[in-house]
Structure formats: C-alpha cells, structure tokens
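Let me begin by handing over the structure; questions about it come next.
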Amino acid sequence: MIRWLKKLYYPIQAGHYRLERHSMGLALGIVAAASVGGLVEIAPLFTIDETVESAPEMRVYTPLEQAGRDIYVREGCYLCHSQMIRTLADEVDRYGPYSLAVESQYDHPMLWGSKRTGPDLARLGGKYSDDWHVAHLIDPRAVVPDSVMPHYAFLADAQLEIASLPARLAALRKVGVPYTDAMIEAAEQDALGQARPDTDRADAVMERYGEDTQVRNFDGDSGRLTEMDALVAYLQILGRLTDVAHATDPATIKAGLEAAQ
Amino acid sequence: MVAKLTFVERQIALLILGIITILGLVMASLGAGDALGVHGFIVLFAGLGLIFAVGGSLYAPEPIEDRSREYYDDPIKIGIVLAMIWAMIGMGVGDWVAWMLAFPDLRFDAAWSSFGRLRPVHTTGIIFGFGGNALIATSMHVMQRTSRARLAGQISPWFVLLGYNLFVILATTGYVMGVTQSKEYAEAEWYADIWLVVVWVVYFVLYIRTLARRNEPHIYVANWYYLAFILVVAMLHIVNNLAVPASFTAAKSYSLFSGVQDAMTQWWYGHNAVAFFLTAGFLGMLYYYLPKRAQRPIYSYRLSILSFWGIVFFYIWVGSHHLHYTALPHWVQTLGVTFSVMLLVPSWASAGNALMTLNGAWHKVRDDATLRFMFVAAVFYGLSTFEGSFMAIRPVNSLSHYTDWTVGHVHAGSMGWVALITFGAIYAAVPLIWRRDDMYSWRLVEWHFWLALAGTVIYIFAMWNSGIVQGLMWRTYNDVGTLQYSFMDTVVAMHPYYIARAIGGLLFLIGAVIGFYNILMTIRAARSEDRLLDHPTDSEACEPAVPVAE
Amino acid sequence: MTVNKRDPLTGHHTTGHEWDGITELNTRVPLTIWWFILVSHLYALIAWVLLPAWPGITDYTKGILGVDQRQQVERQVAMMRELRADWRDQMVALPVDEIRANPALAAIIAGTGPALYGDNCAACHGPSGQGGPGYPSLVDEAWLWGGDPDAIMETLRVGINADHPETRFAQMPAFDGVLERNQIRTVALYVQSLSGIETNPDPDQLAAGKELFMDNCASCHGEDATGNTDLGAPNLTDDSWIYGGDSSSLFATILHGRAGWMPSWEARLDEADRKILTVYLMDLKDRESVQ
C-alpha cells in the first residue's frame, strides 16, 4: 500500500514541477482545490429537507424584539453568551431541551456563539422578570455579586431609534423573513405599542403577531421607549418563538410513544 | 517616498485619492446622524491627508535612476511600521479585555469600553491590523526577491497597503461605535466589506503580474502560499459577507443567510480565516525567512508539495468542527472531524519540513534570537495544529467547546505561531530593507524573545487550566445523578486563571513594545554601505527538466 | 536532463533551483508521513462508513451504525432520568418532614439543592437566599404566602404575578391620586412606627396615619398590619422588608404600588426539583437561624 502510494507520487511530482511554472495555472488549481469542501458541506444544507425542522406556528420577531436583537448584536453579547444548547445530557439538564435548527431560521445572522463566559441564553425567555433584567443590565453585580458581566446602564437612558424599523424589516424580508406589508408599514407603531399595554397600538401588535405576544412596559419607565425596553423584550422572547423543541424532551417522547401503543 | 514616483504617477495617485475623498464626502453626507457618517469623515480625512502629502511634492524632481534595476521597498517599510503599530493596539486592547474579565469594572463608564465592543477590536486589530500588514509587507518583500523582479506597479502597492489599513480602521472604529455584523472575524459592515473586495482585487492583480514578470522559471513555495492566502481569503470574504443593507444611508445590514446555513457559512469562513490568513500566509513567511536566516536549503521539496496541497484541500472541509453537537446536522460534523484528523498530516509535514531545515544550523538557533523566534514558531505551529485536530474530535470538543480551552488553543496558534513567526520575519527583514548592518540591539531581541515565550506559555497554561476546569465543572454529576455545580460556581473558579492570563499577556505586550522600540532605533541608525546583491538580476539560464529521483 | 547538485552537509540532491540564495533538497517524503496518511485516511473511511457522513442533493448517507446525535442525547437523558427515578419518586411522594428525617434523602437534598438553587433562584434571591431590594429574603421568618411546604411548593409551581394561568396574584395598589402626597408621608410614618423604626413623629400625625391606614390598607394588610397570606400582603410590623422600610422606599411603594414578579417554574422544573428546592430552602433557613 505504502509502496503503491509512493509510486503514485512520482508522476504527480513531475506534473507539479511543470504546474509551478505557470502562475495562472497555480491560481486556478488553488481555487479548484479550495472550492470542493465548501460546496459539499454548505449547498446540501439548503436542499436536504430534514436540515430544518418544520414549525408552522412559529412567529417572527416583533419590531421591538428585532430592535432588541440588533442591540444584542451591537453590544457584542454573543461574545460571552451562546444561544445554542448542545445535544449533551448535562446541557439539557441545565438549560432545557437542546436547540433545533428551526428555532434560529429567522435569525439573520445566527447568534449561536462560540464562548460561554456567561450562561447559555437560548431558553432565557420567561426565566426572570423584566425588573430583574433591567436591574441586572444596569448593574450586574448589584444582583449577582460575583458576575463579570459589563454594565449597560446607558440603555435605560437611550431613546430607542425606531424610524429605521420599517427599512430594517423590509431588508429582513428580502433575505427571507416572512414579514407582511402591514407589519413593515406599522413597524414604528408596533414598537411603541408593544411597550405600552394600555394603548390601542398594543392591541394592533397582538393582532399582527399573535395573542401570546408579550405586551408590557419592559423597562418600567412608561414615559419613554428606550433601548432597555427593546433589549428586554428580545431577552424575554428567547426560546419562545416556537415550542417544537419541547417536543424533543424524552419524557414527552416517551409519553407520546406510550399513548400511541 | 513620493520622490520615487514620476510626475504622471503622482497625478494618477491624486486622481485616485480625489475619488476616495469624494466617496468619503458622499458617505459623510448620506450617513449623517449614523455611524456611517462618522466613517465618511474618516475616509474623507484619510483622502485629504494623503492628497496633501502627495500634492505637496507634486513638482518635486522626478526620479532619474532606472527604477526597474532595484526592488520597490518603500511600501514594505511603511507596512512593517504599520504592523507594529497595530500590534500595540491589538495586544494592548487584548490585555485590557483580559484584565476586564478578572476585574470587570476596569473600564470607563461609557458604552464603547465594554467587553463586547472591545473584544472585536482586539481580534480584528491583531489579526487584520498586525497580521495583515505583516503579510502584505512580507509578501511584497518575498515576491520580489524570489522572482528577481520589481513589483509590477508604482501606485498599486500603496493602494493595497493604505487601502487595506483604511479597511481595518473602519472595522475597529466601527466596533467601538457599535457597528458590527457579529460574524466572528468578519464583523465589519457592508461598506467596509465592499471596500476590502476592491483592495483585494488590486492585491491579486499586483501579485500575479509581478509573478508573471519573474526572472525565475519556477515559482517558489512561499509564493504558492501567499497566492493561496490571497485567492481563498477573497472567496471566503465575499460569500460570508453577503448581506442586505437596511438602507444605503446607514451602517446596519442583515446577513443573507440565517440559522443553520449561516452558522455553517460563518464557520466555513471562520475556520478558513485561520487556515488561509493565519496559516497559509504565515507559512509563506516561514518558507522564505527561515531558510534564508538559517542559510540552509529547505529540507524537502516533495514534502512542500504534499503539505501545500494537503492544506489547501483539507482545510476547507473542517469548519463544522466549530459546530459539534449543535443544530447542525450530524453528517456535516462527521465530515468536520474526519477532515480535521486528515489535515494533521499536511500540517505536521510543514512543521516538520521547517524544523528539519534547521538541521545543520542548530548552533545558529542557539545564538541568534531572530532565528529562534522562527524555530519556536514552527514548534508552536506543530503543537497548535495537533491540539486543533484533537479538539475537533467530537467527544473532546464536547468538553472544550465554549470554554477557555478554545481560547488557549487560539493563542497557542496566534501568539506562539503567528506572532512569533512575524517577529522573526520582521527582525530578519528590517536590516535588509533599511540597509542596516544589523538590528539596533541584539540584546533587546533576546529580551523580546524571552518575554514573548514566557507570556505565551503562561497564557496557554492558564487557559488550558481554566478551560478544562470549567468544562469539567459544567458536566460533573454527583453520585445521585444531578449536576454538581451551578454556572456561577464556574465563573468564580475562573478568576485566578484570568489574572494569570492577563499577566502572561502583559509580558507578551512588553516584549512587543521593546521590539517596536528596537525597530525604530534601527531605522534611525546609519545606513550601511552597499549590502549584498539585493536587486533584481537575471536568472541562471540552465533550467533543469526534472530533478533527479532519489 | 536531470539535476545533480548535492547539499554538501546531508548529501541529498537539490532541485537545482535557487531563489535569492534559498535552495531546496529533493529529499523523499519520510516513511512516517506515508504511514500517517494511511492511518488517518483509514480512520476517516471507517468513520464515513459507520456514521452519517456524505450528503447528496436531498439526503445523506446514514452510516451502518444508524446513530444520530439527537437520538443519542435523548437516550442519555432518558438514562439519567432512569438513574434518578427511584429517589425522585420518593421526593414527590413523601411529605417534607419525612424527607428531612430520612438521612439518604436529606443527603440528596444537600448535594442537589445548591446547584439547582444557584442556576435558577440565586439571581433574584441572592446566593444565600438573603434577598435584595425587590426580592424577598427566603431565610427569615416573614412569608408572604405562608411558610409551610405546601404554600412554597404552590408558589414555585404557579409563580406570583407570573404568566402561569393559575398564578398567584399579589398587587400593592398605587395610591397616586387616591391619597395626597402628605397623606402618603403620614401613613408611611405610621407604618414605620409599627415596626419600631425611630422617627419620633408627633402623636397627632401618628393618629392621622393610623386612620389613613385603617381606611386604605387594613383591608389587605389587616387591622394589626400583620399581613394576609391569602393575598400575599406582607406583614408590616416586622423588620423584614422587600422594598425597604426607609421613608423614601415606603413613599415609592405606596405612591406607585408594587407587584413583584416571581416566575412560575412548572415548565422548567419538574415536581421533584421543586420539592428539592422547597426542602433546600427550609434547610437554608434553619442553618441561617442557627448562626
């Protein structure tokens, strides 16, 4: 076998000896060799149906949540927090059902993360109160004494910029998120409405995004719509756009199997 | 430097700068009220500043000598100095964020100074600022020498170098303002991405045209690697950065891909930024400066072929090892593991080739810190690729992923390999390019070497410890089958290691500061009279058909 | 034509080229490398046959082991549950007293409680249950909903003001607009006097405060202000405060009202976990009162 490999090598070397005299030939060779892997690994992810589970009832981010997501990106939270519970028993025990591909199908870009300086946030929605999030973001060490998380107190003072929301949703529609014309048109109103439960706008948000949409005054300051409102609204929806992942829970599966028998 | 350009060339330069200035003006006015506008002003001032510099000497006397009889080293000189400036910025910020992870309030009470905004300044500043400038500068140096030809352009080398630095400035200043796409190692927004494509196309054309002019029948291995670096980085950059801007008057854009496809694309890019930026380009560096300094022939041409094509072909497949156990389908993960293991062969083949080249020159490694930099770099290259292939195995990755073990691996590769080979190459190149007898102080080179080595070792050991401790704590079950530690327990356990890491980083940074000082003092020293043959010459005519088979 | 130059040191042939003084030897690829290639490629081949690996257009090779990471983790999780099933069933079935009296079960609480508490509750109630502004202490004698295990279990299940359909509901109304600001200050002084905070108001003011209290507050907090565990209305005569007993906190509490939000844990933690936490809290409190 080794001998055979070595025999094969001589003609290759002679061929190479000629190739390395032609700069364009070398360049083409490099491009060809470096193209294969990406094609084989990425293209099928678009064509193999099984890659992304189906979740017909999954909803899109509301304008306020999307604005919060943009702040999460802007502040670099993903550099310390993952949003991807791996298929490992201890992670399921600690964080809940492992993450499914469909859960981030509207995430442009995805925020799975590569480092967990802080805990995973994939199933954070509903785990804490809005008040806690606000207190924690303003001063993490006030609520968690040993935390090394930076403080984000300025978010509570920063007025949320909403004028660009229609354009942002429209761009997201271009890349495949199913926002309707009505959603894009009303994006600014909806952002305001989601943080003002006592207004008509709030009803409009629920009408467009579903009855379960969390309509609350997230930052506790009813006078203004702040970046804190947006970020907390986003944190509170994490893991709750669809609940298909909970169907992968072994207990549920087992119960389902038993029921089927 | 402008003095070496002809009148016509100076006019062309002014024209290009004029276009850039107008672009800056357009960005500044369209993007008013957004970070895009701030970036417009940066572009505008960069353009104006350079117009001033060129315009000031527009009517200076033209060069009289035949420029094709000498190498074009001016852009290389600036490139090396820029690389060192970015080293200061990148490592300075790196050490700052390292201290912040131990003492989170070591910052200003302002949004821009939070960990999440500064960390990408570290990674981009060090990889693209320091590494990229070093690659561009050395590639121009190596290409001219090994082709016996002057660069194929008078203005384009400047365009590549300065245009590239403009990209890095836009990227890093963007992060502190909160402008980011969040794609690791590709965080810069769409307009900076587009600008980099323009710069990169010019770089490629410059490279290939210079190669075409060569006075050597064969292209030297170092150039294969530089070529792979340029071509594949272009491919990766374009695909990974496909995005739709929310508006052309603001910085924000949304990635074309989402979820699992985006994850795979990001790590196809991310891993190959490691492979073709942090590895291929620096192997090009290694292949020139190491044999040159050791004055020994490359150990094996055949091994060079094998490892080059192995690296180009296998690396592209392994990005999925960053996504083990995630929602990425299992089959892609299997491909990631297997190709990572096969990749170890060409990686070690190149490390081995470098180390075996030192056979017969070990006394020089002992005496010459510059060569020792390169030797240790090759060792770390072997070490980190072994570690990488090991970490790519799924069960190992289940422990290491998300922890500081990855960070330790990263810095074994980036401090131990990338930074050390760069320092070695710079110490070898500086006296040659500036025509000095030697570096200003060889003692300072020694100091730098030992500080860098100590810093790297402390950093890596601290991160191995913290990573493995944290990974194990996360998965420890007590004997009744429930989790033993809360997440906060693991955060508390990291504290001493984070302090150790920050100290290691500080040593490394001090070494680099000393190095920069040494380089500046060398530049200030007197020019030595005519060095060895360092200008384009004709090839030896006799070209062998095929080397003899052993 | 072939090249015949040799490196004097090793005796190996060179390729005959020279680039800026650099030459190359034409040394063979060492045998170890070939072995290395062979072994790594064999490993890859075997993995491709056994595991899911190569994609086509609409499907991929499943591998003869037929494994998949999801099914693997589901099996692991089920196994862990199996392992814990025995004692967890006991936790659910037995009353708290018996659990605490049973050394084996008590040891499990001591081993399991801290991490469970640390990952879920410490963020609000503090690392050792001491609470903080807005979050009640869990280690003092004051209970909003009663300190017996069933009450605590129920609080954990449904939460307080949470989004569980059966959530406990507790609201301290806002008296902004109902009472004048100086009335609020007056009643606050009275509340402070109840728990013995030294403010030395004059007796008229106290009497006025008491009257205001009887009219507005006693319906929930009781005439003696010792609270009402049916409504989650706290005892105002002790020295434990959720939001603080200083005059500005009291003023804010009465002016704006309060509605603490305690999450429901039914979807996140199963009954055994909630029982463990309940017992763990009682242990925590006992330990606290010993100190």
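First chain written, first letter: the chains are A, B and C, and each begins at residue 1.
Operating definition for what follows: contacts are C-beta pairs under 8 Å (C-beta built on N, C-alpha and C of every residue); 3 or more make two chains touch, one makes a residue touch a chain.
Since the structure is predicted, the reported quantities are computational estimates derived from the model, not experimental observations.
If you compare B-C with A-C, the chain pair joined by more contacting C-beta pairs is B-C. Distance from each chain's C-alpha mean to the overall C-alpha mean is smallest for A. Comparing mean CA positions across the assembly, the chain most remote from chain A is B.
A separation of 29 Å divides the Cα centre of chain A from that of chain B. Between chain B and chain C, the centres computed from C-alpha atoms are 41 Å apart.
Distance between chain A and chain C, defined via averaged C-alpha coordinates, is recorded as 22 Å.
Touching two or more other chains at once are residues 9, 40-41, 48, 50, 87-88, 93-94, 98, 119, 144, 146 of chain A. Of all residues in chain C, those that touch two or more other chains are 29, 37, 54-55, 60, 69-70, 80, 119, 122, 127. Each of residues 217-218, 302, 325, 329, 332, 335, 339, 477, 482-483, 487-488, 546-547 in chain B touches at least two other chains.
The touching residues of chain A, counted against chain C in their complex, run 1-2, 5-6, 9, 40-41, 44, 47-50, 87-89, 92-94, 96, 98, 119, 126-132, 135-136, 142-146, 248, 250-251, 253-254. Those residues of chain C lying in contact with chain B across their complex are 1-4, 7, 9-10, 12-30, 33, 36-37, 40-41, 43-44, 47-48, 51-55, 60-61, 63, 67-70, 80, 83-84, 87, 108, 111-112, 114-119, 122, 127.
Remark: chain B residues 100-102, 104, 107, 110-111, 114-117, 119-120, 175, 178-184, 208, 211-212, 217-219, 224, 227-228, 231-232, 235, 239, 243-247, 250, 252-266, 268, 276, 302, 305, 309, 312-320, 322-329, 332, 335, 339, 398, 401-403, 406-407, 474-475, 477, 482-483, 487-488, 491-492, 546-547, 549 touch chain A in the complex. Residues 9-10, 12-14, 16-17, 20-21, 23-24, 26-27, 30-31, 33-38, 40-42, 45-46, 48, 50-52, 70, 73-80, 82, 84, 86-88, 90-91, 93-94, 98-119, 140-141, 144, 146-152, 154, 164, 167-168, 170-172, 174-177 of chain A are the ones that touch chain B when the two sit in their complex. Looking at the complex, you find that chain B touches chain C at residues 145-146, 148, 216-218, 220-221, 288, 291-292, 295-304, 306, 325, 329-335, 337-339, 341-342, 344-345, 348-349, 352, 359-360, 477-489, 540, 544-548, 550.
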